Amino acid sequence: MTTATAPPPAVAIKKRNEFLYFALRNNKLRVGLIVVLLFLFLALIGPLLTDYPPNDYVGPPGAPPSSEFWFGTTTFGQDVFTQFILGLRATFLVGVVGGGLGTLIGVLVGFVAGYRGGIVDELLNMLTNIVLVIPSLAVLLIIAAYLEVRGVLAESVFIGFTSWPWAARAIRAQTFSLRSRDFVDLARISGMGSMKIIFGEIAPNMMSYLFMTFILQFGGAILTAATLDFIGLGPTQGTSLGLMMNNALLWSALHLGMWWWFVPPGVAITAIVGAMYIMNVGLDEVFNPKLREM
Amino acid sequence: MRRYFGRKLFIYLLTFFLAVTIDWLIPRFMPGDPVQTMLSRASMRAESVEAMTGFYTRAFGLDLPVWQQYLSFWRALFHGDLGVSIFLFPTPVTEVIMNAVPYDIFLLLPAILLSWYTGNKFGAYAARSQYLDNTLLPVGYILTATPYMWLGILLAWALGIVAGIFPISGGYSYALEPSWSWPFIASLLRHWFLPFLSLFMVMFGGWAIGMRNMIIYELEADYSHYLEALGAPRSLVRRYAFRNAILPQITGLALQLGVIVAGALATEIVFSYPGIGYLILQAIQNQDFFLLQGCFLFIIIGVLLANFIIDIVYILVDPRTRSGMQGATA
Amino acid sequence: MFKLEEISKVYRVGTFGGKELRAVSHVSFEIGKGEVISLIGESGSGKSTIGKMMLQLTPITSGKITFKGTPVSGLKGAALKEYYRHVQGVFQDPFSSYNPIFKADRVFENVREQFFPTVDDARWDEKLRESLRGVGLNPDQVLNKFPHQLSGGQLQRLLIARALLLDVEFLVADEIISMLDASTRIDVLNLLADLKARGLSILFITHDLSLGYYISERAVILFKGYVVEMGSTDRIFSTPLHPYTRMLMASVPRLDKKWAEVEKEVRPEESQVEELPAGYTFFDPEVAREIGGSGHRPQPVLVEVEQDHLVACFEPGDIPPTA
Amino acid sequence: MSLKVDNLRVYYQTLQGPVRALDGVTFMVEDGEIMGLAGESGCGKSTLGYSLIRLTSRMRYIAGQVELDGKVVPIWNDKEMNPFRYKQVSIIPQYAMSAMNPTRKIGRMTAELLKSRGISYKRTLPEFKRRLDLVGLSENVLEMYPIELSGGMKQRMVMVLSTLLDPSLLIADEVTSALDVASQKAVSQMLVEFRNRGFVKSMIVITHDISILYQIADTIMIMYAGQLSEKAPTEEIINSPRHPYTKMLISSLPKVGVKYSEKKLSGIPGKPPSLLNPPSGCRFRHRCPAAFDKCVEDPPFIEIDEGHFVSCWAVFQEEGLDIDQVPAEEGPPGAQILEEALAKHV
């Protein structure tokens, strides 16, 4: 926030930096952001820290965490830390692509349904409810099982295509309320086309809302991906946090007391998704004062 | 009112039809040929494999033209015959699922209902003051962000292995025969507890957060201010706010069902709890497509049924929707 | 200039458009050049819907609206844009007419982008400032400000200035001052009256009788979507005939007479039916709806009781004797 | 002596600092008097209304004394104020249309409300039904949900509810603004009927529509930017206002008989001051044609005629008062007390 020398204090803070004023002071937002950035940073610089390929047998089997193997090794002697780092990268990829795609489709469906109204709204709404009711995991299982070779990207796309109803419902309600505002009518009698109105007038108002929807989709995509990987329908080559947990369970890491094999992946997922939710609540407080006044 | 139900029913039927069609596609799309995988396990001589393939193909009706298979699938569906499981040949799929379903209901129903009730009470309680909101609620965020299976693994490890209090696999101890005797039921409960606890805790977090936001809006609503202005005690204001805040949580329950089913599958796999989830894992590992097809059918029917029931419950509970349909006066 | 012929608007409500909501039924009137007509009715009388139909913001269910001879409902794309060059609107809530996250000037930029793309900055700035001065605003005080930093009165006058940028001939003013405080109201009203003097014709939509009387020579009284009385404001206000108009006159709170006094003068309960030609009775939407149930829904007919003073009535045959 | 308010100050705590919404208000309301309270939006009339019954979460009591029927009303303390609420002081809120719990039958909600205040619903029921009948609502309204009632019916229901315990003072906030003309007249006349039948001893009717007050109020008090301009019997204030602001406000209202072509009315130039740091002295002086150097000091609210109060140095001069002798109104309390009051959450 450019701290121009503030003119007499009585000048009402303009709408835009009032948001920044609150955002920087909201501790829920700060905590969430720090956690996410930490893991992102770890994911980015991770590969530089380890020189072991994830699946090679590089150390003694079942070794507890040590200076050599920070997260210890699996029953086969694979380095858990390397797997963890690559798994982290896969998780962020799924979050961004899956969450992003889910938000994108949700936004499109939500905007068109909210703005057009009438029959179009009714049909799109029905489609949304149908996709919502069908347990998305069932569909994912079928698709994932069908594909012989599965990459993380393919998995993210599937998740994106089945997780959009949540976003669509929220965006539709928001567009509906904005559409009835007079400035939309004013735009129409200024000769503006509906596409220009949607993206020029309505969308900017919802930037905050779109961002919050993306955060929820991001978290949801990560959780769904972890569940899919855990059941064994995750990416066939490469590794992911869900796959790590699956292998840990498969090779009875519990009985052998090898906690270092299954604890880190879970912590990472819970921390990232949890931080996302907390950030979302923080943003919610910033955008509507009612929650802030608690 | 009738028109509203008619429309709702129409949507559910359409959804059911779509879901079943997707479900029917499972065996057709799966990689590899189901009959081959089954036969390869039987390690027979070449020519007998030849004969058996013909027999099984006809048995599973794979030789008929596709659309005929589709129609026969629907016909069989209405007779409750979902074909025969490849993995547990000759037992029919329906029977296999039938003895898995009670475990699921026994696990899911209490977990969902209990977590829904306590989660909402906790969310309402946490919204009382800034202090509570900042201390108790982050717990809710962490819980709802926890992958179901990871919490399952942690509980299995901590309470199961380290503390050794609870068994961590199977529906009941293998030493016992299923009977109504008390030791069997006790073992059933001890095996049931950890999966239940992990499902309960994750869902509990979700409801608490949802309720916290809802109740804050209700406490800010006009009728709350009016009651406060007339000197009504905090308890009455909160009771009304809670009642109105819990209504959207009912529809929330319906919408969450799909997600909860996914979570249950993962948890059952952790504890190899003999529900449909574990069944699905085995079906995938053994490429038993008919069993898989049957499992999903049950899940879809279950979720649709639950959604319909919840819709009805919502209309009975929230007067606004009832009069909204008949068109309020003036 | 504007001619509305038997226009109606029916909304589909309920699931799958089950029920029918008749917002506007068989309304017709004309607005000449440089004339101000006030469309007076309570909330739910359909007055805003008529405004929106004239601005093509909502489709017309039946009937025809012609602007200088050409039907309005068929216009699309460029023709519609050209129509908006001559016909503009100002809405009720100043704070909802502006996109909150942009500066208030954006309404001018939208107009410039759509209608004057080729005009260079200097000439546009001059045209803008001149139009702002035309509505009594000091350009430096109102330009480059967020909507929440301006008062309701200023925001409404900005909208009028926006309309004046185009060579507008007709303005639909939909309750434009009902959200403003008493002191700033009059300035906007006087501005409208000045514009009328300069040849702009206005449809002034309001629920407030005294405002209608203050600014317009002709008024149209709406009740549940039907025109119940129409004609010169003086005649309607001095000798109201239709029971609804008389009730309005008797119940509106005035600053010079108490309700009791006004009731003695207007005597709303005494019907003026003897003023009507033989066999006619006053049109009543409630009665019409009941009869309408049996298929044939009687249409109101506007009877000219005196010069430039019409009242809606049932035709002799329409009402069964029992009504 | 029904209500006596002395130098009441209530501010709002906001991000940019305290908004001095109500800044030193002193007036009286006699028994049986319906006082109209009018002023433009943001003048503090609703703040005054709500501060007499319940301070909302962002309002801060700064100073001032309120007495009702001789007893001191502790508006600064939420708990101590509770016994007064509903029994001594009641309110018909601005949001009457959505004031009733949407998911509760009206009868049941009333029963629970009364029980929570220690009053038996059974004993109150007969009188409750009589009053429903008086306002034209049938008994089976009690079995209905608020959503099933029309706007006018909801308004009347809340009126009966709020006055059920015969409070000494009733605050009616913008009771007519959301209604159509016919119900507006009916509801306003009902307010007077409630006073005549002794359901309430005295009433403050808050509205921006002065013509409604002309019809039903005994006296009218005009507020401007958090301070009182003038209070007088209705006929006097409409036909012979003394404060320049009141004069300009009344003259800018179009009467039914007035036409643009005949008599061009004029508004009040300029804008009300921001209440974040309002100008010292009379807050209307920047827009006031009669402003002169004395206006820099806060004019006190003095009774220049029987029941006619005004706060304007120019008017005092006209009345022949020596304006140097007249003590100016003291300003808000010192920064220290102010800070403490702002921090204290009621």
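Every chain is named by a letter (A, B, C and D) in the order it is written, and numbering of its residues begins at 1.
Basically, contacts are C-beta pairs under 8 Å (C-beta built on N, C-alpha and C of every residue); 3 or more make two chains touch, one makes a residue touch a chain.
Because the structure is a prediction, the values reported are computed rather than measured.
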Innermost chain, taking as reference the mean of every protein Cα atom displayed: A
Selected pair, greater C-beta contact count between C-D and A-B: A-B
Centre-of-Cα separation between chain C and chain B, whole angstrom: 56
Mean-CA-position distance for chain B and chain A (Å): 23
Chain centre separation (chain A, chain D; CA means) in Å: 51
Computed distance of Cα centres, chain D from chain C, in Å: 33
Residue list for chain A, restricted to those that touch at least two other chains: 12
Residues of chain B engaged with two or more neighbouring chains: none
Contact set on chain A toward chain B in their complex: 126, 129-130, 132-139, 141-142, 145-146, 148, 219, 223-224, 226-227, 230-233, 242, 245, 248-249, 254-255, 257, 259, 262-263, 265-266, 269-274, 276-278, 281, 284, 290-291, 294
Chain B - residues contacting chain A, complex: 11-12, 14-15, 18-19, 22-23, 25-26, 29-31, 127, 129-130, 133, 138, 141-142, 144-151, 153-154, 156-157, 160-162, 168, 209, 213, 216-217, 220, 255, 257-259, 261-263, 265-266, 269-270, 280-281, 284-285, 292, 296, 299-300, 303-304, 307
In the complex, chain D residues that touch chain C: 40-41, 180-182, 184-185, 188-189, 208-212, 214-215, 238, 248-250, 252-260, 264-268, 271
In the complex with chain A, residue positions of chain C that touch it: 16, 52, 55-57, 80-81, 84, 88-89, 91-93, 96-102, 107, 110-111, 114-115, 146, 148-149, 159
Residue ranges of chain B in contact with chain D within the complex: 221-223, 225-233, 235-236, 240, 243-244, 247, 318-320, 323-324, 328-330
